[in-house]
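Note that chain A is present in both complexes that follow, paired respectively with chain B and with chain C.
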Partner chain A sequence: MYEIVEGFLTAIHLIVTFDPDVYEVAFRSIYITLSATLIASIISIPIALFLAFRTFPGKRTIINLVHTLYALPTVLIGLVVFLMLSRQGPFGFLGLLFTPGAMIIGQTILVIPIIIGLTYSALVAMDPVIKDTIISLGANYFQFMASILKEIRFVVYATVAMAFGRAISEVGAAIMIGGNIRGYTRVLTTSIALETSMGNIEFSMALGIILLFIALVVNFVMTSIRREAD
Partner chain B sequence: MVNKKILLAALLVVAAVFMCGCTSDGGTDTPTATTVAPTETSPVASPEFLKIATTTSLDNTGLLADLKDRFEKDHDVTLQIIAAGTGKALEYGERGDVDVLMVHDRAREDLFMDNGYGINRRVFAYNYFMIVGPESDPAGIAGMAPEEAFVTLIEQAQTNPDVVVVSRGDSSGTHAKEQAIWASAGYNYTSDISGSGDWYVEGGQGMGATLLMANELQAYTVSDSGTFLAYKGDIDLVPVVDEGDILLNIYGAMMINPEKYPYVNSEMAKEWINFLVTPEIQQVIAEFGVEEYGQPLFFPSLGNYEILGVTQEEAESPIP
Partner chain C sequence: MLRIEGLRKSFGEKEVIRGLDAEVPKGEIFVIIGPSGQGKSTILRLIDMLDTPTAGNILLDGMDITMLSDREQQQVRRRIGMVFQDPAIFRGSVYENVAYGLRFRDLSKEEVHRRVTQALHDMRLEGYEEQDARTLSGGEKHRVAFARTIVTQPEVILMDEPTSDLDPVTTGILEELIFSIRDTYNATIVLSTHDMFQGQRLGDRIAVMMGGTFIQTGTPKEVFTSPNNRDVAYFIGFENIFDGEIIRSEEGVATITAGTAEILAVTDRPPGSKISWCLRTEDIRLHMSQEHIARSPLANHLDGVVKSIDMVGPQNHVTIDCGIDIILVVSWRFAARVGLQPGMNVRVAFNAGSVHVMDG
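== the complex of A and B ==
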């Protein structure tokens, strides 16, 4: 109990005094995860649109696969990306292993299924009348897609926020791909794992609280965008 | 109207975070460029980074952070330290993913070098392994020789549920040493020890985490003396067995063979290893932790090659 209270107080102290070590790690976490979420969104949303409005053989299987991959174990991503990016792997020549870039790749893979799946579900659940109305107004292909996305934009925001949360809180892949190098690939989660193993419980608690705080801010931004729109 | 606002807000957030990301670590943009370059354009890897895979004990104790600062002061390089345990470090080395290894398992190091992956090994520090455990010593092994202690541990554990052993279980150097003691005590590790019951906990974590786990379980474990001293303040385990030739723990550094992997930063790797065996740094190693823990965590290799059973060249001479 003492450790938890002490950890909480230390956390507050580190945060209000702008401890450079804590903030550096926190900003790196945000930077890596935001990059990954952006890249994953750019890849996933067109795929979700394609899946929702086209019919082709094997579509059902792909949807099932995407849903299964929601539960993609992060350590498996870590292992596969490690093998791909290692000097002995097919992309070893890039020299990306143990860099923030490699971590962005890992997190991107992690959240792509989530963004595809949830966006797809929203598109399918949409009232068909809206679809017909947009078409009847004479929209071309891109106008149609843009209008559809506008209709489900709040689901997309929520999906992206959820993907962000999943990516920033994962530790398995980050430690395998990034190597937890201080000042370079050390992020909030890997830092917590390390500091705890080194017995620095208070520092770990502080980092954990910051992680939670970031999630809170993301959620707050999403809610306020929505409220403003309403 | 609303849309524009949303777009503006989103853009601002993205811009702000990207700026934060860039300022918080200037390395984010450069590494991709610098690490890509050496593969095609030049045989010499980028001088800005030196990737070191190391046993967790050197990192958990803080020694490596201290040496890193000293080295970076005089050299235009950023050391990237990946603390992974000897087994994983050797794996990284074999794949050519790092430039230098700092490990402590002579047998596997020899194999690594025989297979042509590592060259120019230098021994730079040593200390001793110890069996640590609860002060009450439920198995009654205090003062025994390591092998005798292990035999007693496994025998006591069959009847006394208070006798628990936590193993690193991660093919680290410490784990290798533990297996060597079991072998020396007459057991087959794979069939007699590993997975043989609740008394034997295979933690699968670094040295520090394993000590904390053993402390929670009030169990016995094998630790290097350096990490134990560094963690002593956080745990109430005590050294129970700390004498025996088999407990010698030798730390070696070697570079990855550039003939095998031409892109490794062998120039800086050589500088780093030679830096470790300089008399000044040997002195730093000898004094590291004395102020904080009351005794040194590591002993220097300089002048001690006979204790270590290595050639004088390996313990003291810089790589030519």
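== the complex of A and C ==
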């Protein structure tokens, strides 16, 4: 018990004194996850709009697949991306393995199904009169899509915040694809795993508190969005 | 000018619109009345190109709008406005809601402001500009929907049950606004309602929709006084509807079988015609059997027995067995004065001109 309390106090000390090692890892985590979430949003939201408003063969199967991928194990993503980017893999020539770029790819793949699925659900649950009214008011295709997104913007914000939370807390793929290289690909989750295994409990706890703080911020953002939407 | 020719619409196996024709001149309020589930909303959606007809044409100023590309549809749709039964309110202020359609039209900020301000004035929504539109009452939301539609200055305005679920006072206000929209913007209005009296109040012409088609179209007076079959008569509130046969006819006055009795009616139909006839409750007079009644050549008098007395609002609906069950209306005061009771012998009287003869 004493060890835990001492570890907690040391962790607080590391945070308030702006320990460069702690903050370097934290900022890298945020940078990688923000990049992945942004890229995934740019890819996923148009796909969700397409799925919601177009009819084509196999649409139901794709939607089921997207929902199944919500629970995709992160180590499996790590394995697939590792194989793709490894020297013998089809994209090995890019030299991305064990780089922040590879970690962004992994996290992007992780959250794309979440953003597609939740945005799609919001779109199909939308009052059809809203869609009809927008069309009836004379919107062209792009005006229609923009208006629809504007109407469900709070759901989209919450979905993106949720995706960010899922990506930043992921550890399996980050270790496999990033390699946990100090000063280069080491992020909050991989660092906590490593430092704990090495017995640096204080350092792990400091990182854990930051991760928890980020999770709280994400949760606060989502709650605020939900309140605004209501 | 809006013209509909042979319009049909099926959803899967179910045919909702079954060969429908109509012509609505510019500036007319054309009201589609009919019971729920008869396809009234479907017609409006087809005119607004939100659905595609299975067959037939819809012509707007001579142009068939059922065969247009997506881009052409969007251009034509900007000449049409639609107010939905349960209007959608977008997130944002009343001003933003009213300006919504104008944002699609590349208008200057000044023009948007001018039009929105005018529409808010016309719909009596001044002072609501900054209010969150989702916090408005039902009637106010309808007025926002009206404003959002008229602000784009459409040539044709479609209104799908625009006052359903609203209280009578709000309904009255919206009905005034509908006239004001027609007069101010000279728009053609096609409006659907299941409220026959609203149809009568608002419509320059009325179309009665049943079974997926217009079974009668005419001015409110034509439809409400001369229904062309039993279904229309029933829908517009005739309570006395009977089948019969013309057995004699002389100088436009026919004798018609009515159960065990015979009645006189003014009609040109020849003897032998199988017909239906109807009679409004308010056109029937009730007399006590012992009363002396001056007889006129075109008066019908039937003796009968009071079968039942039902209170409906401030009046009594009295059913009298005259061989056929005739329903008439008397005031509570009259019923009390004469001591009206079931089983009493009475006499009903009505003029031959009050009997409307229609297809059997």
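We adopt the following convention: the second predicted complex is superposed on the first by the 217 of 230 C-alpha atoms of A that agree within 3 Å, B and C clash if a C-alpha of one lies under 4 Å from a C-alpha of the other, contacts with A are read in each partner's own complex, and residues count from 1 in each chain.
Here, a residue touches a chain if its C-beta (ideal position, glycine included) is under 8 Å from a C-beta of that chain, and two chains touch if they have at least 3 such contacts.
As the structure is a prediction and not an experimental result, all values here were calculated from the model.
Visitor: With both structures lined up on chain A, is it a clash or a fit for chain B and chain C?
Guide: With chain A as the common anchor, chain B and chain C both fit in the superposed model.
Visitor: Tell me the contact category for A:87 with respect to chain B and chain C: first, second, both or neither.
Guide: So A:87 only meets chain B here.
Visitor: Going by the contact rule set out at the top, does A:108 touch chain B (first), chain C (second), both, or neither?
Guide: After superposing on A, A:108 lies clear of both chain B and chain C.
Visitor: Applying the touch criterion given at the start, work out whether A:100 contacts chain B, chain C, both or neither, answering first, second, both or neither.
Guide: The first partner, chain B, only.
Visitor: A:198 in the overlay: touching chain B, chain C, both, or neither? Say first, second, both or neither.
Guide: In the superposition, A:198 contacts chain B only.
Visitor: Tell me which of chain B and chain C touches more residues of chain A.
Guide: B
Visitor: Based on the superposed arrangement, let me know which partner A:184 touches: chain B (first), chain C (second), both, or neither?
Guide: It touches chain B, and chain C stays clear.
Visitor: A:38 in the overlay: touching chain B, chain C, both, or neither? Say first, second, both or neither.
Guide: In the superposition, A:38 touches chain B alone.
Visitor: What is the value, to the nearest 10 degrees, of the angle subtended at the Cα centroid of chain A by the Cα centroids of chain B and chain C?
Guide: Nearest-10 rounding gives 160 degrees.
Visitor: Taking the superposition on A as described, I'd like to know which of chain B and chain C A:159 touches: first, second, both or neither.
Guide: neither
Visitor: Rounded to whole Å, what minimum CA distance do you find between chain B and chain C in the overlaid structures?
Guide: 9
Visitor: Overlap of the chain B and chain C footprints on chain A, residue-wise?
Guide: Of chain A, residues 150 contact chain B in one complex and chain C in the other.
Visitor: Using the touch rule from the top, collect the residues of chain B that touch chain A in their complex.
Guide: 2-3, 5-6, 9, 13-14, 17-18, 20-25, 27-28, 31-32, 35-36, 38-40, 51, 60, 65, 78, 80-84, 95-98, 205-206, 208-209, 212, 231, 234-235, 261, 263
Visitor: If you look only at chain A, which of its residues touch chain B in the complex?
Guide: 23-24, 27-28, 30-32, 34-35, 38, 86-88, 92-101, 150, 179-184, 196-199, 221, 225, 228-229
Visitor: List the residues on chain C that touch chain A in their complex, please.
Guide: Checking each residue of chain C against chain A gives 45, 48, 50, 70-71, 74, 77-78, 80-82, 84, 86-88, 90-91, 100-101, 103-105, 148, 152.
Visitor: In the complex of these two chains, what residues of chain A are touching chain C?
Guide: These residues of chain A touch chain C: 127, 129-130, 132-141, 143, 147, 150-151.
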